[in-house]
Amino acid sequence: MVKFQSLKDAVAENLFDGDTVAFEGFTHLIPHAAAHEAIRQGRQDLTVIRMTPDLVYDQMIGMGMVKKLIFSYAGNPGVGLLRRMRDAVENQWPKKIELEEHSHAAMANAYEAGAAGLPCAIFRGYKGAGLKDVNANIREVTCPFTGEVLAAVPAVKPDVTFIHAQKANKRGDVLIEGIIGVQKEAVLAAKRAVVTVEEIVDNFDDVHHNACVLPRWTVTSICEVPGGAHPSYAHGYYTRDNAAYLDWDKIASDRDVFAAWMQKNVIDANPEVFADRIATLREAK
Amino acid sequence: MDLDFTPNEMMTIAAARALSNDDICFVGIGAPSAACNVARLTHAPDITLIYESGTIGTAPDILPLSIGDGELCDTAVTTVSVPEMFRYWLQGGRVTVGFLGAAQLDKFGNINTTVIGDYDNPSIRLPGGGGAPEIASSCGEIFITMKQTKRGMVEAIDFFTSFGHGAGGNAREKLGITTKGPSLLITDLAVWKPDLETREFTVTSLHPGVTLDRVQETCGWMVKCSADVETTVRPTELELTTLRDLQARTDAAHSGAAA
Amino acid sequence: MVKFQSLKDAVAENLFDGDTVAFEGFTHLIPHAAAHEAIRQGRQDLTVIRMTPDLVYDQMIGMGMVKKLIFSYAGNPGVGLLRRMRDAVENQWPKKIELEEHSHAAMANAYEAGAAGLPCAIFRGYKGAGLKDVNANIREVTCPFTGEVLAAVPAVKPDVTFIHAQKANKRGDVLIEGIIGVQKEAVLAAKRAVVTVEEIVDNFDDVHHNACVLPRWTVTSICEVPGGAHPSYAHGYYTRDNAAYLDWDKIASDRDVFAAWMQKNVIDANPEVFADRIATLREAK
Amino acid sequence: MDLDFTPNEMMTIAAARALSNDDICFVGIGAPSAACNVARLTHAPDITLIYESGTIGTAPDILPLSIGDGELCDTAVTTVSVPEMFRYWLQGGRVTVGFLGAAQLDKFGNINTTVIGDYDNPSIRLPGGGGAPEIASSCGEIFITMKQTKRGMVEAIDFFTSFGHGAGGNAREKLGITTKGPSLLITDLAVWKPDLETREFTVTSLHPGVTLDRVQETCGWMVKCSADVETTVRPTELELTTLRDLQARTDAAHSGAAA
């Protein structure tokens, strides 16, 4: 059953060297604090999964923690490329990483299949697209009724998924609202799930019947980390720190600047700093 | 009001004009987002804008920096999960127009946003396809916008991130794709449409003041031009004001936040 | 684009003899008024689809409108069997009907595949189950990654789907809340969709971001029919008329009683009577 | 309080006792619903009850007449779509216990709720399987409740609506099914568990006052009995009060409405 604990303990108990891990979030609710804790704890040889790997994945790759990246779009949203990832792919710095590259449709379907307990997903995709030729995990299935050839990809089933959500209640149920992305699927597809939340409330009595709620028995660990999505945002709590995304482009463009920034803002920091980082970004309630 | 305008503004406004009130439009970031919202704020108030983050029927007052900004959700008719977006809405054939940008584009509308160079040893690792491979095959038709450069508009792209008209002709049909594919290319210099037979992009309209030579100078393939090439209608005052106001609101909102 | 019109016109313009039609609803929000209008207009040779065909399907079968039934559970919920359907299957009265029978999982997946534009759905199902032997539309697909054999069923793609919803707004968007069943999928899978609603409101400004909303361009026709789900219920408007379900068991048990009841309550009635039928069932707001 | 009780009450209470606080339980209507809610209101307050209508973690104050009553939604932790219910929650392997009833049951826990007689020319057309085929294979284990009759508990069922242990032994494994299948049968007369080898249901406990002869008289197969058959513990005052209060609240609520 779900544990309420510190982020430090949750990462220590749920993420291990060599794991396959997803830190999911689709622009909204990206679990930055959790990824930073994983960096601080120095995990190695990770296979990291995300549809839209962005800053935290650039950081983990730059810190040499990543063996393999499974993804569909690796960019700094609205800004440009991921410079640490480029350095790893183009120059093997700090080390070589393996890529398993898909389209968004494939990744979304693969998470959905993982949540649904299926071994694979089928969809109409990759027609004429080059990824089929460079990714052995893109295969085909023939519809037994129409003969149409459909694309197939293996289900995504992480050892552990980290997400950030707006709220948990005291029983351990988790609420995600707004742009919900693929987080429900990422949690249900995983063996273990760690959720950082903006706040823990008494109950969800005022929550909409059909809102995206993860029952407590689908979650391994809940950690209250206000601001834990920064510089991403938490709808209803604080807005996106667009300036931080623009800044990252400069920070990540130089290996030494990157290293110094990571030392100061991640290695020497802790989950509590996130509350300060959103001080000027809070939404009017 | 001064009706001078930049090539970028002309590109955005020409793209906006291609959209109609009944379109269900899958929007990317950058130029497409501006074009779609200018259309919505001028001649197509009922256009439906969908962003792949799950927001359906959005009407943002400012342009989002990412495809998942909170403004998109706040103004949407509904916000669905990303798997649902790609299954019911894109693959389900609900989208009439998909907008794509390109790092490399060839004359048949094939797009590369994956790598420059060899896939396994690229000289530049680009972000990858994201939604593009299935946007290109599932939307009713595809509009492409990009600024012309010889590096961008090339004879042969390095990687087929998304399929346009392949090697031309009925290449889509041969692959069993039933949608129209790239039907419009709008650059900062011209409007292009595919030749009905070959499917090669052909200049149908030059933006005001642009010569065909200038189009060729910034394009890596041998440019073909329709027999009756026109001049793109200049931005109207309403169009230009709408775009500039939108950009001003956007700049003000985005410069406000700081870490 | 969506039309606001009378239920009479909506049925006349959207349901034709020989059509494949779903009147969907999962206990909640069953489109009784729409089905009664179809009965009044005397449609014939219908292939009717529903996961849980209940009273209205018993009525349509008893009236001889149905050529084929595609379903997964045909019962009077909480009461027992469907006696008109039994009479048709066991005694070919008033005529023979063809059955295509599935499990709930298969039907839910088939609607989902229809909404997703796929030709078929795959799932882990029918293991050791007898329906595989009597339904040629239950086939197999082999996972190209694990070799696991999965069940496959064709996508459900009705010519027209009828549903009942709580609200439409003036633009024509439709809101379904509470037990949402498979209605969104049934609408998106269909060529045409007719929605009866309890009320038409100005806007959905106060509706939750992630509520189940069908945008106006997915709906063909909207008809305001207060009480249109009776004796099923509309969450937030009126409760389930359990007594009517119990009564039905007696009415449907005799061919003549059935015929007389249909004449009085359906043929000689109109959509406006539904508002009266829920008069004593309204929920306190 | 009078601690006399009916066979039905004993059945419901014995079924309730088989459920634990950590169970995620997929609930049908009738006896299973009563049993699950008695468990929740007595020894298993944190049990999660799921109804196939999409309601997860419900805590109804009265028993629903259908599996989709509004009360289930009002008291649920969340309510999801039916496709999601069958994909993420049932097929996803999240459910520990599935409750099934039966029109016909054989000694290996195979269930028929489809037809009596031949499928194409049945003497009685039953409702069909609904969720049962996949409940039987996807839930961690299956509990079955039914009133004993010779028509219901038969040597050979007419149709395999859902698979129990097939012809016994490791039949499930042979079909690639990884879940336990029927692990408990609770009737109005006895508690039965599958033999570890043959998987045949074997009486492990007789309800108070019930003889093995009476069990055999109401069962169509030759009844086997475990060596150390016990007597089912009588309902406690709390159990009986809880069940009767629940039934009384339910009757009062359901008789209120009229067409």
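Residue numbering begins at 1 within each chain, and the chains themselves are lettered A, B, C and D in the order written.
To be clear about the criterion, contacts are C-beta pairs under 8 Å (C-beta built on N, C-alpha and C of every residue); 3 or more make two chains touch, one makes a residue touch a chain.
Keep in mind it's a predicted model, so treat the numbers as computed, not measured.
Chemist: Figure out the least number of contact steps between chain B and chain D, where 1 means they touch directly.
Modeler: Contact-graph shortest path, chain B to chain D, evaluates to 2.
Chemist: I'd like the Å distance between the centres of chain A and chain D, where a centre is the mean of that chain's Cα atoms.
Modeler: That gives a centre separation of 40 Å.
Chemist: Quick check: how many Å separate the C-alpha centres of chain A and chain B?
Modeler: The mean C-alpha positions of chain A and chain B differ by 28 Å.
Chemist: What parts of chain A, by residue number, touch at least two of the other chains?
Modeler: 112, 116-118, 123-124, 148, 178, 180, 184-185, 209-212, 235
Chemist: Spell out, as numbers or ranges, the residues of chain B touching 2 or more other chains.
Modeler: Within chain B, residues 73, 79-80, 87, 91, 138 contact more than one other chain.
Chemist: Assign the assembly's chain-to-chain touch graph to one of these shapes: line, ring, star, complete, other.
Modeler: other
Chemist: Write out all the pairs of touching chains, ordered by chain label.
Modeler: Once each pair is checked, the touching ones are A-B, A-C, A-D, B-C, C-D.
Chemist: Residues of chain B touching chain A in their complex?
Modeler: 29, 52-55, 64-70, 72-73, 79-83, 85-87, 90-91, 114, 119-120, 122-134, 136-138, 159-163, 166, 171-172, 175-177, 254-255, 257-259
Chemist: Note which residues of chain C are touching chain B in the complex, please.
Modeler: On the chain C side, the touching residues are 1, 112, 115-118, 173, 184-185, 188, 204, 209-213, 215, 217-218.
Chemist: Provide the residue numbers of chain A that touch chain B in the complex, in ascending order.
Modeler: Against chain B, chain A makes touches at 26-28, 51-52, 71-75, 77-79, 81-82, 85-86, 89-90, 101, 103-105, 108-109, 111-112, 123-131, 134, 148-149, 178-182, 184-185, 212, 230-231, 233, 235, 239-245, 247, 277, 280-281.
Chemist: What does chain C use to touch chain A in their complex?
Modeler: 116-120, 122-124, 137, 139-146, 148, 150, 152, 154, 177-178, 180, 208-212, 235
Chemist: If we count contacts the way the header does, which residues on chain B are in touch with chain C in the complex?
Modeler: 22, 24, 48, 56-57, 73-74, 76-80, 87-88, 91-94, 138
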